[in-house]
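One chain, chain A, links the two complexes that follow: it is found with chain B in the first and with chain C in the second.
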Partner chain A sequence: MGKNNFRTLIIFTICLGVFPIFIQSDYFLSIMIFIGINAIAAMGLSLLMGYAGQISLGHAAFFGIGAYCSSVLTVKFGFSIFAAFICGVFLSVVMAVAIAVPTLKLKGHYLAVATLGFGEIIYIIFNELLDITGGPSGFSGIPHITFFGHAVEGGIKYFYLVWAIAILLLIFSLNVIYSRIGRALRAVHGSHVATEAMGVNVSWLKVQVFILSAVYASIGGSLYAHFVTFISPPTFSLFASILLLIMVVIGGSNIWGALLGAGILTILPQYLTAFKDFDILVYGVILMAILLFMPEGLLNGLTSLVKWLREKR
Partner chain B sequence: MVEGKALTLQPILEISQLRKVIGGTIVLRDLNFSVMPSKIKAIIGPNGAGKTTLFNIITGMVRSTGGTVLFKGKVINGKKSHLIAQEGISRTFQTIELFGNMTVLENVMVGRHVRTRMGLLRSGLRLPGVKMEEKFILEKAQEKLNMVGLFHKANLMASTLPLGETKLLEVARALATDPELILLDEPAAGLNETEILRMTEIIGKIRKQGMTVLLVEHRMEVVMGISDEIIVLSYGEKIAEGTPDEIKNNRKVIDIYLGEEIEYA
Partner chain C sequence: MTLSSQILQFFFTGLTVGSIYGMVGLGFGIIYNATTIINLAQGEFVMLGGLIMVFFTTVLKFPLYIGCPLTIVGVTVIGALFEFFAIHPLRNASLLTLVIITIAASILFRGIAMFIWGKDPYALPPFTLGGPIIIGGAVIMPQAFWVLGASMIIVIFMGLFFGKTIIGKAMSACSFNPMAASLMGINVRKMILLSFALSAGLGAVAGVVITPISLMEYDRGLMLAVKGFCAAVLGGLGIGYGAVVAGFLIGILESFTAGLVHSGFKDAVALVILLFILCLKPSGIFGSEEVDSIKKL
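For the complex of A and B:
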C-alpha cells in the first residue's frame, strides 16, 4: 500500500483508538459510529467511482439489503447475528452480479441507470412486503450485536467494533488499489482500449469492483441496523444513495477522500440545526462551494492548498 | 518471451480472405498473407489503405466482416482483445494510448497483468504469493524499461514524456505482456533521426529475442532497413508482397505509393 498510506493508516488508527479516552460523550460517540458506518459504504462506492470509473445511484439499496437481512433473519427466523450478516452480504452479491454482468459489458454509464432502477425496486419492496419488513411503519426490536454472550451496545464498544471493521476494509481497499487489480483499474481511466490490449478483462474487473462495493454497503447496513435497532424504508431511499455519492464526490473520489466525505456529511447536518429552517439551504451552499472551489474534492483541494501555502513561504 | 524457441516452418499468423466493410465501404478486401515466426513483416500503403483496421482486427478491437485470422493455427478473430493478448499478441498504437495518469513504471507493470494471476480477493487480503508476484512484476517491468532505455524515467508521470519516449514506452508496455507477435503501428512517426535510429535498434532487438514483428510504418528508411518482407496495401487490397528489394522495384508500388524520387537510407 506504500509507505505514505501505511504511515497515514497508523496515525489514523491511533487517533481513532484514543478518541473514546478523551471524548466519552454518548452523542459524539454515536456520531463517530455513524461516520464509521457511512465511511464503510462510501469506501466501497469510492472504489467503484474513483477507480472503476462507474457511478451507482442505488447503493442505499445494498445498504438496505444488509440492514433488512440482518434484522429480519435474526428477529423472525432466529438466525445468529453473524449468519444473518453473511446472508445480507450473500444476497447483495447475488443482486450485484445480476445488475453488473449485463450492464458492465457495455461501455458508458448504463450501470448508473440500472442501479437507479434497482434502488427504486428495492425501496418499493421494503415498503410493500408488510409481513416481512414491516412496510412504511418500519421494523423494530432488532437485537444488539453480541460476542460470546456479551451485547455490544451503543457507546464505546460499538465505536470500536464499527471502526475496527472500517479499518480492516480500508486496509483491504488499499491493498487492492496498490495491486495489479488497482493498477489495471487506474489504467482504464488512461486508455480503455490499451488496457484491454494489455490483456485486462475490463468489464469483469468492473463487475468485481461493483460486487465489492455492494458488499461494503451491505456490511454498513447490517452494522447500522444493529446499532439503531429500528429501520424503515426512507433510510434506504434514492436520497440516501445520492448522499453516499456526494460523500465520495465531496471527499475526492479516492479512498481517504471517502472517509473525509463521510465524516463531513455526517457531522455537517448536526451543526447546521443552528440555522433552524435554513439548515438545508446552508447545507446546499456549503456543498456547492466545495465543488466550485475544490472540484477535485476536499482531500485533493486541501492537499493542493497546503502545497501552495508551503511554496508561498 | 520466446527466446531460444526452435523455429517452426508453420506461419505464426495467417490471414485468409479477410474482409471488412464499414458503412458500405470496403476497408479490407479479401486479404491473404502469412507471417513466419521471428520475422519482421511490414505493411505499407497510403493513408486509408486499411493498415490500422487490420491491426484492430488482429487484436480483437474490431470485428471482421469475413475471413479468418489464425494465430499459431488457432482462429482468433471474434475473440475479445484481452483473450488475444493472453494468446501472445500485443501491440502499440498509431495515436499514443498511454496511461497518462500513471508513472512510466506503472504503465509497463500494467503490461504484466496478463501474465500474473492474483485476483481481487487475494490481493486485498495480501495472501501468500501476492508480494512475490508484485516483486516479479516490478523486476520484469524494470527489465523492459531498461531494454528501451527508459529506466531512468521510471518514476515520472507518463504524461510528461516527450513524443519519442512515449513511443518507446508503448513498446516497453507491449513487450511486458511477453508477446510472441508484436504489432507496431507507426512506431517511427513524428520521431527525429536519432529517435528513429533508437527505435530501429529496439525493433532489431525484439526480433533477436525470437519475437515476430508486424510493422505498419510510413518511414521507408525504417521499413526497408529492417523488414524481412513487405506487404503493400491500397484501398484495402494487397497490391504487392515481397522482400524490400522486390517492393522497391515493383512498378505498381512505385506508381501508387513510393514514387520515383525516393531514396532509402
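For the complex of A and C:
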C-alpha cells in the first residue's frame, strides 16, 4: 500500500480511535457516523473515477439497494441482519454487472448516462412498489445491528462499528490500488492501446472496479439504514448521487480525497441552513469553482499551495 | 372514449413529447460531433428556453414574434458563454473532467433558475388561439402542431447546415479528426464554441414550443437530458435524423406505457430502451459500427 499511505493510515486510525474520548456529544458523534457512511460510498466512487476514469451518476441507487435490502428483508421477511446485508451486496453486484458489461465495452462516457438512467429507475421502483418499500412515505422500524445479542445502538458503539468497516475498506482500497488491478488501471491512463497489447482486458477491469464501487455503496446503505432506522426514497435520489460525485471531485479523485470530500459535504449542510432553499445553487457554485480552479481536487490543490508557499519563502 | 381513439390519442401525445426528445437528442449530437463530450446540461437549455420565454411574454408582455427570437438568441448566448467560461479553460483536461463540468453546469443552471423563478411551474399561452382539433376521437391541441412543425423545420435546417454549408461541413470534420481538421485550416476552437451555441439555441426552441403544453419548472432539465440522450443513442449518436426518429419512438412508447400500463413507470421506458440498445447495437438504429470505429480513432 505504500509507505506514506501506511503512515497516514496509522495516524488517521489513532485520531479516529481517540475521537470519542474527547467528544461525546451525540450530535457530533452522529455527524461522524454519517461522514463514515458517506466516506464508504465515496471511496468506492473515487476508485471508479480516479482509477477507471468513469463516472457513475447512480451510486445513490446502490446505496438505496443496500438500505432497502437491509430494511425490507429483516422487517418483512425475517432475515437475519447479516443475511439481509449480504443479499443487498449480492443484488448490487448483479445490477452493476447488468449495467457495466454492455456500457464499459464501449469507449466514451456511456456509463455516466446508463447509471443516471439506472438511478432513476431504482428511484421510481422505491416509490412505486408500495407494498414492499412503503413508497414515498418511507419504511420504518428497521432493527439495530446486534452482535451476539448486544445491540449496537449508542452513538459511540455505532461510531466504532462504522469507522472500523470504513478503515477496513480503506485498507482494502489502498491494496487494490497497489495490486495488479491498480497498476493495470494506471497503465490505461498512460496508453489504452499499449495496456491492451500487454494482455490486459481493460473493459473487464473497469467492470470489476464498477462492481467494487457498487458493493461499497451498498455496504454504506446498509449501515445507514440500521443507524437511522427509517428510510424514504428522497435519500436515494439523483441529487444524492450527485452529492457523492461532488464529494469525490472536491477531494480529488483519490481515496484520501474521497474521505476529505465526504467530511466536507457532510458537515457543510449543517452550516448552510441559511441557504436551505438554495442548496442546489451553492453546490453548483462549489463544484464549478473546484473544477475550474482546482481541477485536481482540494487535497492536491492544498498540498501544491503549501509547496508553492514554502518555495516562495 | 373507445380503445382505438385512445390509442390514437396516446400516439399524438407521444409524437409531441417525442419531438422534444428528438430536439434535445439533436443538440447532444451536435456537441458530441464537435467534441465527443456528452453534455449533460443539454436539458437545462430547454428549461431556460421555456422560462425565459415566460419572462418575455408574461412579465414584459412582449408579443410572440419578438419574445420568441429574443429567447432563442438569449439561450444561444448562454450556451456560448458556458463554453467560453467553463469548457474552454479546461480544454486540456480529461474528457471525464469535461463531462463532470457539464454536470456542474447543469446544477448551476438549475440553481440559478430556482433563484430567479422559484419552484413553481410556469404556464405560457398557446401560440395560436382556437379550440382543440378532434381527429378520430383523439383530441389534439393546436400547439402540438407548432411543436411538430418546429422539429421538422429544425431537422431540415440542420440537414442543410451540415450537408451544404462550409461551416457545417467544417464542424463535422472536427468530429472525425480535430487534428486533421485544424491542419485543413478549420478553426476548431470556433467550431466548438459554435456547437455549444447552436445546441443551446436548439434547446431553447424546444423549450419555447413545449411550455404552452407541459408547463415549465426549474428542475425539468435533467430528465429531458436523459431522454434526449436515449434518443440520441438509439438513433445513433451524432446522426441528426436518427435522434429525431428515435425521439418520436421513445415519446410514443412512453405515452403508451403511461396510458396502458402505469403512469409511474413512464420515465423508466426510455432508460430500459437505452440499456437494451447499448447491449444489442451500441451504434444505434441508423449508425454503423464501421463509421464509429473510424471516428473514435
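One rule holds for everything that comes next: the second predicted complex is superposed on the first by the 293 of 313 C-alpha atoms of A that agree within 3 Å, B and C clash if a C-alpha of one lies under 4 Å from a C-alpha of the other, contacts with A are read in each partner's own complex, and residues count from 1 in each chain.
The rule is short, and it goes like this: a residue touches a chain if its C-beta (ideal position, glycine included) is under 8 Å from a C-beta of that chain, and two chains touch if they have at least 3 such contacts.
These numbers come from a predicted model, not from an experiment.
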item	value
Chain B versus chain C as contact partner of A:I124, first or second or both or neither	second
First (chain B), second (chain C), both or neither touched by A:I10	neither
Which superposed partner A:G190 touches (first chain B, second chain C, both, neither)	first
Which of chain B and chain C A:F172 touches, first, second, both or neither	first
Comparing the two partners chain B and chain C, which touches a greater set of residues in chain A	C
First, second, both or neither for A:V306, with chain B first and chain C second	neither
First (chain B), second (chain C), both or neither touched by A:I23	neither
First, second, both or neither for A:N201, with chain B first and chain C second	first
Partner chain(s) touched by A:A151 [first = chain B, second = chain C, both, neither]	neither
Chain A-facing residues of chain C, complex	36, 38, 40, 86, 89-90, 93-97, 99-101, 103-105, 107-112, 114-115, 222-223, 226, 229-230, 233, 262, 264-265, 267-268, 270-272, 274-275, 278-279, 282, 296
Contact footprint of chain C on chain A as seen in their complex	49, 53-55, 57, 98-99, 102-103, 105-110, 112-114, 116-118, 120-121, 124, 127-128, 238, 242, 245, 249, 277-278, 280-285, 287-288, 291-292, 295
Chain B residues touching chain A - in the complex, by the definition given at the top	59-61, 80-82, 85-86, 90-91, 93, 97-102, 106-107, 109-116, 118-120, 123-126, 130, 133-134, 137, 158, 173-174, 176-177
Residue numbers on chain A that touch chain B, as the complex places them	172-173, 175-176, 179-184, 186-187, 189-191, 193-202, 208-209, 212
